[in-house]
C-alpha cells in the first residue's frame, strides 16, 4: 500500500507548500474553514500524536481570536463596552478568521515537518546541491553520534570520580569538562572521516548524487493534480473578497468562487482521497487472492 | 602481473630522525592474500598508506612504488580512488553518511557515476555482503561488525584491484572478526582482488593467507608463506608471538617435520606425537589468590534495561568477585558487559537487585566516596578520559603511579593524547584511573589493538597491581589475554553469567569459547590451555 | 546547482537569480497579492538569497577536512539548540566562521537551523532563520582577524548579533501577524521580546567567552596538524 507520504518527496513537499500558501494568503472565511477542518483531519489520521498538540492549538486559537477585538475597535456593530472601549462584532469575526488561518497554517506546517524526515530533506537538497547535501548528511549523522558519545563520556567521567553532582557549580564544571572532551573527540575523529572520504575519491571531480526515491509517473500525476487544484483555487478565489470594516461586506459566493472552493477542497483532502483509494484497492486485492 | 612493486623504499616523517621504513622491497602479485605483521611502531601503517596515494603523508621518501607497472604517483586521482581500496581500523569514524545505502553509493557518487550504474553496483554489492536486510538503516544503529562490513562493502563497490586493510578487526570480538575474515577470503577467492592486511590476530588470519610479511623497525624481516616462515624460526625468535598457536607449539617442541598452522593441523600434529609429562595445570590444585571469604563486589539478581519497554539487558545477573583476584568477564559484542560495568560503578541503576561493594551497598557510599579510594573504571573508549592538550597535564597528580609502573612514559609527556598509539593511550588512561587509589579496578577491553608484546607487558602489569592488593575486574573478548592473566573467568550470556570457574577449569571446560591451545589439545591432553604448557608435553614422533 | 548540466544555462541562471528573479518577485508580490504581500516577497527573497549563497559554495572547492569539521560544528550547534533557555548556536557559528572561513560559518548557521527544525518544526520561518544565522556566521568570517585577536570585539559581536537577529525576526513577526509593516506593532513586538533579546545577547556573549578557548585551540591544532 503506497500511502500519500510515500510519494516522491518533491510531490509531498509541493503539496504541503501549496496547501499552506493558499491558507496563509487568503483571509477568506470559507477557505479557512475548509483548511482548518481538512488539516486537522489529516493531522489526526497521519500524525497520531495524542491530544497535546490539539490543546495547544485550541489555546492559541482562543488567544488570537480574543486579541483582535480587544485592540481593534473598528466596526459598526458594537457588542458591548469594555473599559469604555467598544468591542465590535466585525473585529471579533476578523479575529476568529485570522486565528483560524494561523492555526490551520500551523497544522499544515506540522504535517510538513512530520513528513519531511531527514532523508527526504536530503533528497531535496541533493537535487539542488550534492555538496551541501553531503555536509547535511554528515551533520545529521554527527548529531546522533555526539548524543551517544556525550552519555559515554559523562559516564566515564563519573566512574573516574571526576564529576561531582554535589552542587550547581561542580555540576556545571562537570558539564563543561564533558563538552570539552566531546569536542576534542569529534574534531580529532573527524579527520579519520575526512581521510576515508579522500580514500574513496571525494573531490576528484564532479559529484553525482544517488537517490533512492524515484520520480515516477504517478508522482508526476499527483503533482499535476496538486498544481491544477491550486491554480483553480487561486483563480477562483481572486474575486472572493471580504471588506471587514466598517461593516462586513462580502462577495464570497459568486459562481467563480464556488469553483475556487471546490478546487481548494480537493487539494486539502488529496491525501485522504489517495489513502482511501489505496486502502480499498488493498482490500479488494486481498479478497481476490 | 605484479600489482604493487616496491623497490628500495625508504620513508621518514618530517620531524623524526628515525626512518619509519628502510629499504623495503616487496612484490605483490595479482590475487594474492598478504598478511602484514609486526610490533607497534614497526611501520605497517606507514607502508600501507604509501600504497594509497590519497593518504600519503608528508615526509622524505626514496625508492619507487609501482602500481600495475607505473609509478603510483602518476595515477590519476579518480583511478587511484577506484582501483585501490582502503579500510582502516575504526569502524565508526570511517563511515561518512547517515544511511547505509548512501554510504554504499558514496564512492560511486564521488566518481561521478550515473544513477543507473550506481543502482546496479550498489545492489550487487549489498547482495554479496548480505547487507540487504539493513540497507535502509541509520549507520549509527549498526553493530561494530556490521559497520566494518559496511566499510569494506563501501570500498568494494568501485571494484578495486587491490584492497588495503589496516587492522580492520581491532575493535571487533573474535566471532565478528572471524566473520569479517571469511568475507574477505571469499572476496579474494571469488573476485580475485588482491588483499594486503595488517593484523594482530594471527590465529584466524594466517591459515587464510598466502603470504606473510613481518616488519620490524621499518625493515622486512620475513616475507614468505606463513608455514615457511614458521619453519625457519626457532625457539628464541622474538617474532614467535606473531605466529599461530599451532606453529608456536611446533617450534617449541623442536620443529621437526611439517609445521602446522591452523587448529585442525595442530590437533593432527598432537595426535602424531608422544606425550611426555603429566598434568601441568591440574584443576584447583593451585588455589586462586582471591580470598574466598571477602567479596569485593557482589551482584545479586540484578535486572536492568535501558528503556521502560525495551528488552532486559541484564537479566538476573549474579556475580561475586573475591578480594584480591583478577576476574575476567568474557562475552560477545553487545551482550551487556559494558552495561554490567556501568551498574558496578553506580553510573546506571538497576531496576531490581542488589549491588554491594566491599560489603556495603553502593548507595551507602556518600558524597562521591565511592569513587575516592574504592572503585575506578577504565572505560571501553579510553578517549573519553582525555581532557587536556598534553600527556603531562593529563597525568598531573599521578606522578607516583607513573613512577611505579614498569613503563617509561616520560618520552610521551609533550605529545597530545590523540597522537599516541593505542597501547600508549591505554597506559596513560590507566594511570588516570589509578589516581584515586582504588581498591577495585574495572577495565573494559584494555587489550584491544595491542600487539602481542604489549599485551604480555599489560598482563604483567595487572599481575603486579594485583600483588599490591588491588582487585581487578577485566572485561574483554580477548580470550587469550584473559587466559594469560585472570584467576577466574566468567562467560557472559543472555544478561547473566552462564559459567564462572577458575581459569583452567573454564578454558578446559569450554569447547569453542576458549584458547587455541585448549581447542587443539582437547581430548588429547588434559587441562592444557596455554601454548607453553602444551609445548612442554610434546615428545618425539610416534611413528 | 549541478543538476543543470548545460554550462550556458547555469551562467544565465547565476545572473538571472539576483538581477532578474529577485526584483521580479518583489514586483510580482507587490501587484498580485494585495494581502500579506510583504510576507511573500520577503519569503521569496530569503529563499533566493539562500539558494544564491549555496550555489556559490557549491562551486567552491571545499576540502574534505574542512567539510567534516563544518559538519561537526553544525552538529554541535544542533545539539546546543536543545539546551533550554541558553542557546550556544550563535557562538558555535561564530567559532566555525573565524577558524574555518566565512562560508563555513554560513553553512554552520544555515544548516544547523534546517536540521534542528526537523525537531522544532519547519515553517515559513525556516528560510529567515537560516538566512539570519547564516549571515551571523558569514559576517563573523569576514571579520575573523579582529575577532580572533580581541576578546572585547568578540563579545561585542555576540551581543550585537543577538540584538540584530532578534530585531529582524520581530519584523517578520509583525509581517506575519499584520500583513503589512506597522511601526507601532513593531515597537510592541520589540518590547515584548525584550527579555528574550536580552537573554539571547547575554548567552551569546557568555558562550563565546566559554567556548572560545576549548573550540578555538582544538580547531587550531587540527588545522596545524592536518593542514586544513
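By letter and in written order, the chains are A, B and C; residue numbering begins at 1 in each of them.
In the analysis below, contacts are C-beta pairs under 8 Å (C-beta built on N, C-alpha and C of every residue); 3 or more make two chains touch, one makes a residue touch a chain.
What you see is a predicted model; the values in this text were computed from it and never measured.
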Category of the chain touch graph - line, ring, star, complete, other: complete
Top-ranked pair of chains - ranking by C-beta pairs in contact: A-B
Geometric centre distance via CA averages, chain B-chain A, whole Å: 48
Between chain C and chain A, distance of the C-alpha-averaged centres to the nearest whole Å: 20
Inter-chain centre distance, chain B versus chain C - centres from mean C-alpha coordinates, in Å: 45
Per-residue multi-chain contacts in chain A, two or more chains: 118, 130, 134, 138, 140-141, 145, 180, 184, 188, 190, 193, 195, 197-198, 202-203, 206-207
In chain B, residues with contacts to at least two other chains: none
Chain A residues touching chain C - in the complex, by the definition given at the top: 20, 24-27, 109-110, 112-113, 116-118, 121, 127-132, 134-136, 138-143, 145-147, 150, 176, 179-180, 183-184, 186-188, 190-191, 193-195, 197-198, 202-203, 206-207
In the complex, chain C residues that touch chain A: 1-3, 33, 35-36, 39-40, 51, 54-55, 57-58, 61-65, 67-72, 74-76, 78-79, 107, 111-112, 114-115, 117-118, 121-124, 210, 214-215, 218-219, 222, 226
Sites on chain B touched by chain C in the complex: 389, 416
Of chain A, residues touching chain B in the complex: 118-119, 122, 130, 134, 137-138, 140-141, 144-145, 148-149, 152-153, 155-161, 164, 166, 177, 180-181, 184-185, 188-190, 192-193, 195-212
Residue ranges of chain B touching chain A (in the complex, touch as defined): 52, 54-55, 77-78, 81-82, 85-86, 88, 90, 92-99, 101-102, 105-115, 118-119, 122, 136, 138-140, 151, 154-155, 158, 342, 345-348, 367-368, 370-372, 375-377, 379, 381, 383-387, 418, 432-433, 436, 442
